[in-house]
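Order of writing sets the chain letters: A, B and C. Residues in each chain are counted from 1.
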Amino acid sequence: MKAPKLGLAAAVAATLILSACASGTESDDDGGSSDGAEMKLCMYTHGDGGGFWSVVKKGAEKAADDLGVELDYQESNNDAEAQAQLIEAGVSAGCDGIAVSAPNPDAIQGAMDAAADAGIPLVTLNSGASVFADLHAFTHVGQDEFIAGQEAGKRFKELGATKVLCAIQEANNIGLQQRCDGAKDTFGNVENLQLSSGLTDLTKSEAEIQAKLESDGDIDAVFSLNADIATGSALPAVEAVGRDLTVGTVDLSGDAIQAIKDGTMAFAVDQQQYAQGYLPVVLLYLNKTNGHVLGGGQPMYTGPGFVTSENADLVQKLAEEGTR
Amino acid sequence: MSVTTPAPTDERIATTSGLTRLLRRPELGALMGAVVVYAMFSVADTTGKFATIVGTARWTDSASTVGIVAVPVALLMIAGEFDLSSGVMVGTSGLFCGLLTTEYGVPMWPAILLTFAFAACIGLVNGWLVMLTGLPSFIVTLAMFFSLRGINLGVTKTLTDTVRVAGVDKVDGFDSAAKVFGSTFWHPYDYRIAVVWWIAVTLLATTILTKTRFGNWIYAVGGDKLAARNTGVPVWRTKITLFVATSMAAALVGIIDLTRLRSMQAGQGIGDEFTFIIAAVVGGCLLTGGFGSAIGASIGASIIGMAFIGIAYAGWNTDWTWLFLGVILFAAVLVNTFISKRAAGARR
Amino acid sequence: MTAIEPVPELTPPAESDSQPAALQLKSVAKSFGSVIALHDITLRVDAGMVTCVLGDNGAGKSTLIKILSGVHRPTEGELLVHGEPTRFSSPREAQNAGIATVFQDLATVPLMSVWRNFFLGNEPLRGVGPVKFLDAKKAKRICREELLAMGIDIRDAEQPAGTLSGGERQAVAIARAVHFGAKVLILDEPTSALGVKQSGVVLKYVLQARDRGVAVVFITHNPHHAHLVGDRFYLLNRGQMTHEFERRTVTREELVRAMAGGAELEALAHELEDTGLRP
């Protein structure tokens, strides 16, 4: 009774140590520790490993591969404290450059101060466009939400719409608000609609959009700010109402691209998050190898790009490979 | 009764208590586990920094905010109860303190005191509800968990129009509070002061558990509630005190986080309640109560901290941390069962 | 001795005995809603004597114990402690009055060590002011000594109480009660879960407690055990006191028969014979 259990425990322990040894030697073959010749660049985001962030990760990994550097990519799943701890761990463990997303700049301020004190070059990505300088980053890589809205507004104008409904799925998300403001800036007649349940209840959101469309016959376009809202709520609502409406959204998904191909959706604003992974690695690399400080103190934009029926086929193929 | 008869058995006492006493300690399995985990991550380390002073500073950072709450959670488990609201309470406390200071202009230190008082009240509610209704604490604290989760979101959104509280560092008294709760020491290794708090909580809890009357009551109340009541142990008082202690420890972590992050998200801490329980179980606590250790829970928290940083240093994705936690929980329960069977059967 | 004649009853001892009884019940009744658990119970328990309360399952023994130990309050009648009418509002009050109860669940916590169990609720403390620690050394020493005085040599006071045999755990509970100055020791079915040898061990401890001047109340459904140690016997059936015997006036067989409802058994045997089921 006793011996088998002890033996089992010993076997488990031995397996763990051996597998650790094995993976240890693997990465040694890849190029060694930070003390060796290979540069180690680190990216710590608040991502959740979902469809959006896996594309960011792919971009970062490709850049590291192309440039021949080691990449440490970690996500904190929206946990601010975990992100701060990861950044500090990275500083202690010898990152040569660090890129972070900053939805909550206060939370990582201390960690970024420590990184700057250690002389590590820093870049922000995806969120934190207005605070990257406070975080000691030399530039920000991402999409400006206001500009994205502006471009979308222009699109709606080109497509001949007269009144746009802007559906906001998260009440207090500043970025979403800025998209609607941008659209209003270039388009003019934009009305905002707050969705009470947003992404958590797509059926309810659909009902809310449909009710609004039915009560206001002047609306002839819908601007959705999320791909799932577009395909799960806006498009069904439009179909139920039966009017001819122009639909555009922000961000991509498989269903959204298909809708564009089918013609039910006019366009999707693409923030091209693959580049949000790829570019920071390049920027840090150039800083370390050739002393470049790029961006001119300004953010660098990866969007808005547009996916329409013209490039939908290409984008769909790439999305299936996980790079768009 | 002759006095000479016990003499031969005295020699026997010397030999049994040596080894058997060691085996009986609930921390033994946890310590063995910690050594194995440390060795494993030292070997898998790609940075060369895990088994160094600075690496230790990093994993103790991660372990401290788990350990501070895991210790009273362990005491509560020994007393036979669970507190599933302990995780969300961290966020609630941080938000409470943050909102008092940024929305209502309360200076930092009074806000901190009020936050501890608030946490004590929540603990009292948890304890009273459990004792009054007779429902399993699992259910009662789960209800509190959901309530606090909703309140965190709702109140924060109403008061700040966002889902977080920010700008705490501008508040009067923040700097001194940050020194006490959120600072680092021993530059350039930068150990967090939370580690000191964690050690203090562990020492306090262990002393209470093993060397005081109250500690005896904790074991009794968890080991056999009926026997405890029949011998006059104040069951209600013991359990309610532990619920209060757990909530207040969560508040301490909430304030530590608040001063470090200078902000607090409405969702902070959610999910940690199971991490605390894992640390306690890894540390030797029986899920059925009556057995366990505060030091063991801290060793469990150390393992969790080592795992988080160790996995990152090994170049693996930190998502694997969850799988790791599942495996060590399973292994810990196996080892604990083996050891406690051996210790209990030592006499035969 | 004919089988069907009722066993002679004795009148209860006179009130004006030289010393008041350690514990006395006078016409005590207990109802739970419409259920009458006990009715018109009168008994007395004296120091230095073992008083047995015998009854089959369902006779009302557990309700009786709970009244004696302060868990329940009687609906009617009086409880007297050393001649003083008393009402206990909690088991703790009963304990403070010197009434110790060893329940069937043994009131020991199996996972805790023997010495911690021994001193549960009465932990010895040392220290200054509000900071008081357990005096573990003193506790272990006293624990071993007291158990030795009862004739038990536990080798290691640190071992979990769950590693002791059933009889030894009973002994710890009894020794604990005696040590903490119990004047009345109520034992709830102490031998019911034990084998023959272990039961013998426990009965020995019962007598030891008696010899130390404790008034022992021994509750059981086993008349053989009761007769081995009892000085006075009360028989309980369906919530009522049906018989009372002194030791010198009753044999074991009479006790067994009185308990087993001898008359009914005889009638049953006759019935079976008549129907030809039994030859």
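Remarks
Quick note on the criterion: contacts are C-beta pairs under 8 Å (C-beta built on N, C-alpha and C of every residue); 3 or more make two chains touch, one makes a residue touch a chain.
These numbers were taken from a predicted model, which means no experiment stands behind them.
Averaging Cα atoms per chain gives one point for each, and the point farthest from that of chain B is the centre of C.
Ranked by how close its mean Cα position lies to the mean of all protein Cα atoms, the top chain is B.
For this structure, the chains sharing the highest number of C-beta contacts are A-B. Put simply, the C-alpha centre of chain A and that of chain C have 74 angstrom between them. Rounded to a whole number, the gap between the C-alpha centres of chain B and chain C is 44 angstrom.
Rounded to whole angstrom, the centroid-to-centroid distance between chain A and chain B, based on C-alpha atoms, equals 34 Å. Residue positions of chain B in touch with at least two other chains are not found. Residues 36, 39-41, 43-49, 54-55, 57-58, 61-62, 65, 157, 161-164, 166-169, 182, 190, 257, 260-263, 265, 267-268, 308-309, 312-319, 331, 334-335, 338, 341-342 of chain B touch chain A in their complex.
Against chain B, in their complex, chain A makes its touches with residues 1-2, 5-6, 8-9, 12-13, 16-17, 20-21, 23-24, 27-28, 33-35, 49, 72-76, 78-82, 84-86, 88-90, 92-94, 104, 106-110, 114, 171-172, 174.
Contacts from chain C toward chain B in the complex involve residues 91-92, 95, 101, 103, 105-112, 116, 119-121, 123, 125, 132-134, 136, 148-149, 151, 153, 155-156, 158-160, 162-163. Across the complex, chain B meets chain C through its residues 1, 5-6, 9, 12-13, 16-17, 20-21, 24, 207, 211-213, 215-216, 219-220, 223-224, 226-233, 286, 290-291, 343-348.
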